[in-house]
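Letters are used for the chains, namely A, B, C, D and E, taken in the order the chains are written, and counting of residues starts over at 1 for each.
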Amino acid sequence: ADETLKVGISAPMSGAAAAWGLGFEYAAEQAVAKINAEGGIKAGGKTYMLELHAYDNKYNAAEGAKTAQTMLNRENINFIVGSIGTAPVKATQALSERKGALLFNTGWGKSIKGPKYPLTFTQMNTPFEILAPFYGYIKEQHPDAKTVAMITPNDATGQELEPVAIDTWGNLDVEVISKDKYERGTTEFQSIATKIATSNADIVDFGASPPTDVGSMLKALDVLGWNGIKVVPAGTSAGTLSKMAGAAAEGTYLGASADFTGESASEIQRELNAGAMEKLGEALNGITISSYDAVMALKKAIETADSIEPKKIAETLPTIIFESSYGPAAFGGAEVYGNPQQILVPVMITQLRDGKAVEVGRIAPAELKKRLK
Amino acid sequence: MNDTQTDTLSGYNKSSEGKILLKAESLERKFGGLTAVADFSFELHEGEILGLIGPNGAGKSTTFNLISGFIPPTSGTLSFLDQNITSKSATYISRMGLIRTFQHESLLSEMSVADNIIIATTHRLKTAAARQEKMREMAKLTGLEDYLKVTASSLPHGLQRMLSIAIALAAEPKVLCLDEPLTGLQGSEVKAALDLFEMIRSELGITILLVEHNMRAVMRICDRILVLNHGRLLAAGTPEEVSQNDLVIEAYLGHKK
Amino acid sequence: MLKSNPGLALCILIAIGAICFALFSGDPYYVQVVIWVFANAALAVTLRFVLLIGELNIATAAFFGIGAYTTAVASTILGWPFFISLLAAPVIAGVISSLFGWITLRTKGPYFLLISFAFTEIVRLIYTKTEALGGNSGMIGMFPPMELDAYFPAIAISILAAILFGLYAAERSNLGRVFKAIKNNEDIPRSVGLNVIGLKILCLVIASTAVGLVGGVHAYTNSVIAPADFTYFVAVLALAYVKIGGEGHIVGPIIGATILTLAGQFLHSFGPYENIFYGAIIIGALLLVPGGIVGLGVRFKAGTLMGRAGR
Amino acid sequence: MELQVQLLMNTLQIGSVYVLFALGLTLIFGVMKIVNFAHGTFFTAAALVVTSVMMWSVDTIGMPIWFSYLIAFVMALLVVCVIGFVVYFFGFKYVLKDLNGSFILSIGLLLLLNGTYLILYGGVPRSIPAVIPGNITILGASLTIQRLVLMIVAAIITLGLYILVHRTKLGLSLRAVAEDQEAAMLQGIPYRRVALYGFLIGATLAACAGALMATVTPVTTVIGDDFLVKAFIIIIIGGLGSVLGAILGGLLIALIESFGGYYFDPSTATLAMFVLVVILLIVRPQGILGHAEK
Amino acid sequence: MNQPNVILSIHDLFVSYSGVPALEGVSLSVKRGEITTIVGANGAGKTTLMKAVAGLLTPLKGKIEFQGEDITSLSPAHTVARGLTLVPEGRRLFPTMNIRDNLMSGAYVRTDKDAIQKDLETVLDYFPILKDRLHMPANSLSGGQQQMLAVGRALMASPRLLMLDEPSIGLAPTIVETIGNIIQTISRNGVDILLVEQNAHMALELADQAYVLENGQITLTGKGQELIQNDKVREAYLGL
């Protein structure tokens, strides 16, 4: 008989960030179903069928620790194929590293990575990967832009992103003239909009703001007559953004909202995206699709290592090329993080045009290109 | 008529035999635009039962609140046992030995009779045994010994009044200020209560300041009486003097006895 | 004393049993669950302790967090030894709470509730804005020393059980009676020489010291803390434990915490349905068992007594 | 100068929303002493119903937007009234006098309803097309016409509630029931029915707020909760049960957010708001317009 | 039992507090046009009786008829609507509501606006002190003033039968007299009265019919003036 191999997910499935968790779970489900349908994973002479367990980490550390305990100690899951939220990811990591379990995550912090955490892998692009090509592209398109106003939520992601963004803009000779933080759950954005509008910045960088908030701010800015370059590096959902802000969102650049319906999207991405639209009413994005990629990476690594020993798989992961939803991908990033634990997938720059995210640039990491050669 | 007033007031100024325990000078208390107590001076002598009477809203309860430190006076001074207590806290004053009861809600309604009394002993007595003993003693004195486990709020009204006196006594007062302790008591119970007051004075050596509307009781038990009206002292003197005073009759008593 | 109080004896037995389980069972998950049950029980009991004076103290969550952060700072930044780091938590929580109580306990009822709520939010926002405390990502790396690692669950349970018994003892002493008197009608204790404000502050400080220690234990059990762990919702859940277990007796919150923690653990993989079930349990318990489970016990006891008297 | 006007206009825009939300809470919490943490879910329900109905009537049937909105508004009020009735009849009725009990009950409801909304609507934010499109400039400050209408409607509803609470017999009986049920019964006030009316009026106010807000802000399944915390602060600083207090409190909080957010940082303004509340309550514990208890 | 000249009749009433009996088979009646009083020691059950009539307590056994209608299990809201008003022991005002609203709450069941206004004026004439304070909260009044307000509120209901539970508690002698006069006046104006008073002297003076309640049972009944002469009554209730 086939053996089962449990894989887990820890993501917010309720509260304000519920949409991410639900999409995340969906993408992982599809990957698992696909692998099982194709006969499971073979290693050490056995065939393993995957079984997905998804847990709500409520986006905080305490719940993250609880889900980690449940996954690792109760369910004895050795492979966490996706986790969302810096604080809960850290809480999970504290346990997974000690227990010797593999942890895929979407954390945007540098502090999650490094040689200290050999079993931790980041499954999507983070500011270090995105910002330089993304801002670079924008500067290329708008060489006259000289000033930028930063606005980002006062949460872990925002706090991790802001300094990198400021550095990156600086390298491009764009001056950051204001940087503001707001609390999650803010519903009225007029004062922020007023501030940005009166500062007359050429660019507004919405940092890690979620699409709903960006939508509200864009609308308010529109009323005040500001019309500059709109940049959302963490912008995941173009659909939501254009629904929220309508015409006011036109032209916005998005860093994490792949156009999974467009020409450049892969077959599998298109399929996943359509399924998610049908089941959840929301398109997939750079975060949510990453659980698919993690499962695929895991499969390949297990088969290559011919073992289900997490340590062996962790050693194998940086050596393999696997078929991600974007196409062939790998793990690398030793130069930045001191350890090859960052997924290498293309950065996709999209722009809202006529209410749709249109891919305007796709920049594959140099390291990936080298490896693929 | 003016004569009688000066007469009684001078009568008040005649110092009684005991030494002065509590002294108020020109007490005044305002609530917004309303002056509840105005220019009120009096002395309380050791061992006496001093009555404080007056129409509803005259300022009697407010006076109690002032001397016991529950609210601060707008002006005037207070001294107790030769110490200035004008802006001292209620806790401080009650620890010195001035204990007051309340006109309404004068007990811990959700707690047992025993606990009600024990609470009052906590400051003075430090061991559980001593507190128990004191509690039983006070319960016996006030006729509550059969009700120790009963919740205070389900006591009949008369016993509730007794309980509030037991609470005050358990705190070992030097001066006991009673705010309408006889309301709701029937004839025989009033008699018993007055006997208790006498006993408190003579055997426990406690000085009493009494606010009460039951005139027959007041006239019977008080050594001296102060009459307040609109927050001001209207008259003062012995029960006979006060009950004959036309101003008092007009403002308060209603008709000559 | 134990003979006259079989309930207490039973509780001590349960606590000893839990400690033994932590020492000898090889199952880390269930040991962890036992720790959570005890920690939640301690949270609920400290919340109830301030309810003795009639105040709903949302800042229970804040002092829980202050304890956790104190331990985290002491152990990861200052590098203090394990037990000292742990003990720093109640000390700091106690000191801050005495200040907090001194300023705020002049208000009561919904007003105190809201101040304590706002305080909780303020403290949380301060963590998020303080880089030294890791901002919103929080702090990591509170591990008990290697040689104690195997015993840590037992130590944690012992500490939490000690908190429970300590608060029980405090309530049973004369102090508990005084607190109840203050709740009932604070004018009376004031009129007989008790320093009501001082006693209220004392009550808050005792509870906050205890919950600070719970926070310290939390920091070591989870190894990671972040501001979002210490929102007002911690106190809200604690209140749910109290209400469902029953306010009348200290075992109420303990029972409530046990049931809801286990239920929560069971419901964990239900995604969005988790909240629905959890909400339904809370509503059902509150409406069907008013007075909590303890209240049910009291009614049952009264019923049997009446039955006997009737015969 | 123009900037100050804009900031003041922002204050009014934000404030009118807060006041609208706080009114229902003032009635349920302030007047009836039920701490209803689930109040936000009424708001959310109304907003969600509006988005569903609009989606159906505009996209599927093709009705004119303003007409669809009217239908949606009525539907929202109906749905929330039904929810309110059920919640009261099977729940709050039993914990009327119990501050902590009603608090816990409402927490249970909050979890239950939020979970249900999430399953029904998913995590995706929704929004509806503009009912009255266009912007307007007043004294150099610009805002959308929808916001202006919302401000006016908020003012009207506020006035209505003030009259209801202070000038009508129902208002009198509501206040009486809140203070002493038994005494209220002795005046012939059928307290269970009055409490139900009060609760339903509160829920309806939340529904109005939700249905109106759906026109100007994205709707998520937790949108009400974001307002709830601020609304609690508002009615406490304004004084429990005081309609005027809710207005004052709402505008004060809006002022802090508007000016603080501009001159400092929105996140700092939030912190400042909490600090200010604590200070205010310490100085004046009964709130700006509240009476001292007891 | 349906006598036209009886407004309230109580038959064999039993009430207990969680098993402890407070009333054990009380029967009495209040005749139209009369002032009826109940005297009794503390804890005799007077308040319990009044609460049971008003509908605040549910009797174990027995029957209460008001104007020929069985009201034994009606809630207070319904008894009040039928014209039966109670001035409860302990005032039970609405403490933070202002005095005007407190008074108006008494008129809740009435719809005759003009008459309400007139009654308000009458009440304020009875207790002029309240007139100056119409917009102050009830809890800022002195104890006696609050008692006046409680009586005034009940008068605002314009009841058929007014039950007063110790209305003169905490009142100055002059005001006690006023209360006595008010009772007589409204009695003459056709309101029937059931009065419980600690001031037994006053009660018996006023009463047409009097009952003595002891330990939950009626032990004596007669005309008010007769009972004043009764030795047992004199000793137990009129002592001082």
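Keep this in mind: a residue touches a chain if its C-beta (ideal position, glycine included) is under 8 Å from a C-beta of that chain, and two chains touch if they have at least 3 such contacts.
Because the structure is a prediction, the values reported are computed rather than measured.
S.K.: Both chain C and chain E are touched by which chains?
M.R.: In this structure, the chains that contact chain E and also chain C are B, D.
S.K.: Could you let me know which interface, B-E or B-C, is made of more C-beta pairs in contact?
M.R.: B-E
S.K.: Which integer distance in Å separates the CA centroid of chain D from that of chain E?
M.R.: 44
S.K.: Let me have the rounded angstrom distance from the C-alpha centre of chain B over to the C-alpha centre of chain E, please.
M.R.: 30
S.K.: Please report how many Å separate the Cα centroid of chain A from that of chain D, as a whole number.
M.R.: 35
S.K.: Two or more other chains in contact with one residue: find those residues in chain A.
M.R.: 14, 18, 21-22, 154, 183
S.K.: Multi-chain contacts only, two chains or more: what residues does chain B have there?
M.R.: none
S.K.: Send over the residues of chain E in touch with two or more other chains.
M.R.: none
S.K.: Identify every two-chain combination in which the chains touch.
M.R.: All chain pairs meeting the touch criterion are A-C, A-D, B-C, B-E, C-D, D-E.
S.K.: List the residues on chain D that touch chain A in their complex, please.
M.R.: Going by the criterion above, the answer is residues 3, 6-7, 10, 13-14, 17, 114-115, 118, 122-127, 130, 135, 142-144, 217-218, 220-223, 225-227, 254, 257-262, 265-267, 269-270.
S.K.: Can you list the residues on chain B that touch chain C in the complex?
M.R.: By the definition above, chain B touches chain C via 68, 70, 89-91, 94-95, 99-102, 105-111, 115-116, 118-120, 122-124, 128, 131, 167-168, 170-171.
S.K.: Touching chain C in the complex: which residues of chain A?
M.R.: Residues 13-14, 18, 21-22, 25, 53-56, 59-62, 64-67, 69-70, 73-74, 86-87, 90-91, 93-95, 109, 111, 154-156, 158-160, 183.
S.K.: Which of the residues in chain A come into contact with chain D in the complex?
M.R.: 14-22, 154, 180-183, 185-188, 190-192, 194-195, 198, 211-212, 215-216, 223-225, 240, 243-244, 246, 280-282
S.K.: Quick check: in the complex, which residue numbers of chain E touch chain B?
M.R.: Residue positions touching the partner: 17, 41-43, 47, 89-90, 129, 140-145, 147-148, 166, 169-177, 198, 200, 235-240.
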